[in-house]
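As written, the chains take the letters A, B and C, and residue 1 is the first residue of each chain.
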Amino acid sequence: MISIEKIAFSYPKAKKLIFKDFSAEFSPGEAVAVTGKNGCGKTTLVRLLTGIERPSAGRITIDGEDTAGMDLFEIGRLIGCVFQDPARQLFCRTVREEIRFGLENMGLSEDEIESKTAKWAEFFRLDGKLLESFPGTMSGGEKQRVVLAAVLAMGTRYVLLDEPTSSIDMRARRALGELLRDIAAEGRGVIFVSHERSFIESFATRELVLP
Amino acid sequence: MSSLRLENLDARVKLFMLLALSTSAVFFRSPKVLLPIFLFTLALVLAGGVSARDAFMRVRGALRLIASLFILQCLFNRSGAPLLRAFGATLITRGGIAAAAYVALRLLIVLLSALIVLTGQRRDYLLALTQLKAPYEIAFMVMAALHFLPLLREQARDVMNAAQMRGARIKKAPIVKRLRLYVTLSAPIVAGAVRKSEQTAVAMEARAFRAYPRRTSMRRLIMKKSDWAVFAAFAVLLAAVIAGGVIWSRAG
Amino acid sequence: MSLLEARDIRFAYEGGEEIISGVSLAVESGEAIVITGLSGCGKSTLCRCLCGMIPQAVEGDFSGAVLCLGKNLSDLPLAESAQLAALVFQDADEQLICSALEDELAFGPENLCAEPSGIRRAVDEMMERFGLTEMALRDPSSLSGGQKKLAAAAACLMLGARVLIFDEPMAGLDAESRGIVLAAIEELLSRGCAVIAVEHDLELAPYATRVLYMRGGRLYDAPEEASP
């Protein structure tokens, strides 16, 4: 379970507190949609959960362990995060390398890496020629699918997504929604930030509205 | 008086101040000239409305560098009369202190004078440059760089974060591996920046940028009486401060 | 004469395969056309062809013609074709370069050497028209997603464009921002402009006069014709 306990946070140069005495819980088996108005802190919450930003008060624990003592690498092993802008998460020369990156760092065998890469590339319709393409020149929707494949292939216990459906088409959206539901059903935890009403209503088990 | 605050001062006067102070910092070598200039710059910045806290925050980053340079100079510059002896050896000499002071003061003057310019808006400096007859393409280039550099830094940070979350242990890696990771990760950022700048160049062309050799401007910077007064006072005071410093250095 | 007419456009990026394989289209004033298709099908490329950016600013193999008010956009320098048909990028940050909104709107006319007081009047009017007056001195990059698209559209209109092409206008925008963009498009249509919006979804379809489907570099009138 991911537990947020009475955190407070504001950006260094900002005047107002984005979070003040905020608490929330995310359990495995859930697919929680985080919603709220523009500027209420949805993306900030993502950054706090991944450890990119640290709360000025309170604490965040993942399966009982306080994230304050963990660095991004350690948190990344527990939470796979797909951030809002795909362009800022792609850094390999081909789609294949991109998907392999996380898997290689997990120390899996070559066979396992190959099979997972193939499986996830196929799921997100990135197989064939696309697999050897340079992600940088792909369309917005394709980039988003590459990041989804690269992160989800790692099979982390929790999955955190910030606006995962913003650039992808109807077909991919449905596939993603069903996948997230399956992940939750497996006993893992899913948290996603979205403002797509239909997506939330179809696939979220619970909605958390930020004040 | 609000007209004397740096943020309300004409951008051209501020550019002149920056230029004058930085040039004198680089031109004069004697700490006896640099110290008065430094104090003058500090007084100007504080009197102009920059809070002492902001001034300190800006200089803070460089203080460590200045301190290490200071120590290095003191230890390795053996010229002049010895000032500090211990265990029979000379630790610090006069020449060492002078050289160290020179380096430190120069850096401090440049850093503080940058604060003068930071009290304004990008658009005013763009106007200032073009009204001072700089070619508009160059002025725009400088402004574009100022606009995009922080975005690039943000992007670099985001890519590093994403890579770490996918298992790249950057912080604990040995230096060679870390450097290699930095290089691999900066490639897409640079490529992305190049692509974005191409797109932006096309967008600008589509709004007729460089369609003609000159362009008009909706706004115009106009020097107020107070701007002229500050400009004149600054020039006279700086000249006096430098003259005083030169006399002092000749005397001692 | 149509406001914008594309005649059998074909385009391939340098060294690449043909992405646009014979697109013909006629758009009248007051029309809103939505072109939809899967990601990667060439929608962004088509946008650039329709406003003259291709072939003027992009290398590749281009054939066919795009006529706006009778003038062939390929024959005009980009600065001139932008005064007829303009493109609002998917990523508004690539298009907004000034540090104040009013400067952004003034940018185009300044480049065309328009007279300063005339520019001031036109900028004030444009901001009033789109409800941007309060944000005149704000940095465009600090605006919300929808406001940025609005600012980019307004900046394009300052040059007098009659056809506005939007590349994924709704992508990544929240409900409030979407409302802003929709209202802007309605305003444009009421003034006799034509709007072509390209999107991977069908969000704007209910507001369009016509919906076209893109696949394999061509446009179709019905989704069945376009499906694989």
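Going forward, a contact is a pair of C-beta atoms (placed from the backbone, for glycine too) under 8 Å apart; a residue touches a chain by one contact, two chains touch by 3 or more.
None of these values were measured; they are calculated from a predicted model.
A count of C-beta contacts for the chain pairs A-B and A-C puts A-B on top.
The chain with its C-alpha centre at the largest distance from the centre of chain A is B. Centre-to-centre separation of chain A and chain B, using mean CA positions: 39 Å. With centres taken as mean Cα positions, chain C sits 32 Å from chain A. For chain B in complex with chain A, the residues that touch the partner chain are 155, 158-159, 161-172, 184-185, 187-189, 191-192, 195. On the side of chain C, the complex with chain A involves touching residues 38-40, 44, 90, 144, 168, 171-172, 174-177, 200-201. Considering their complex, residues 121-123, 143-144, 147, 151, 196, 199-200, 202-212, 214-220 of chain B touch chain C.
Those residues of chain C that touch chain B in the complex are listed here as 51, 53, 57-58, 77-79, 82-83, 86-87, 89, 91, 93-95, 97-100, 102-103, 106-116, 119-120, 123, 155-156, 159. Residue ranges of chain A in contact with chain C, taken from their complex: 37-38, 84, 138-142, 163, 166-172, 195.
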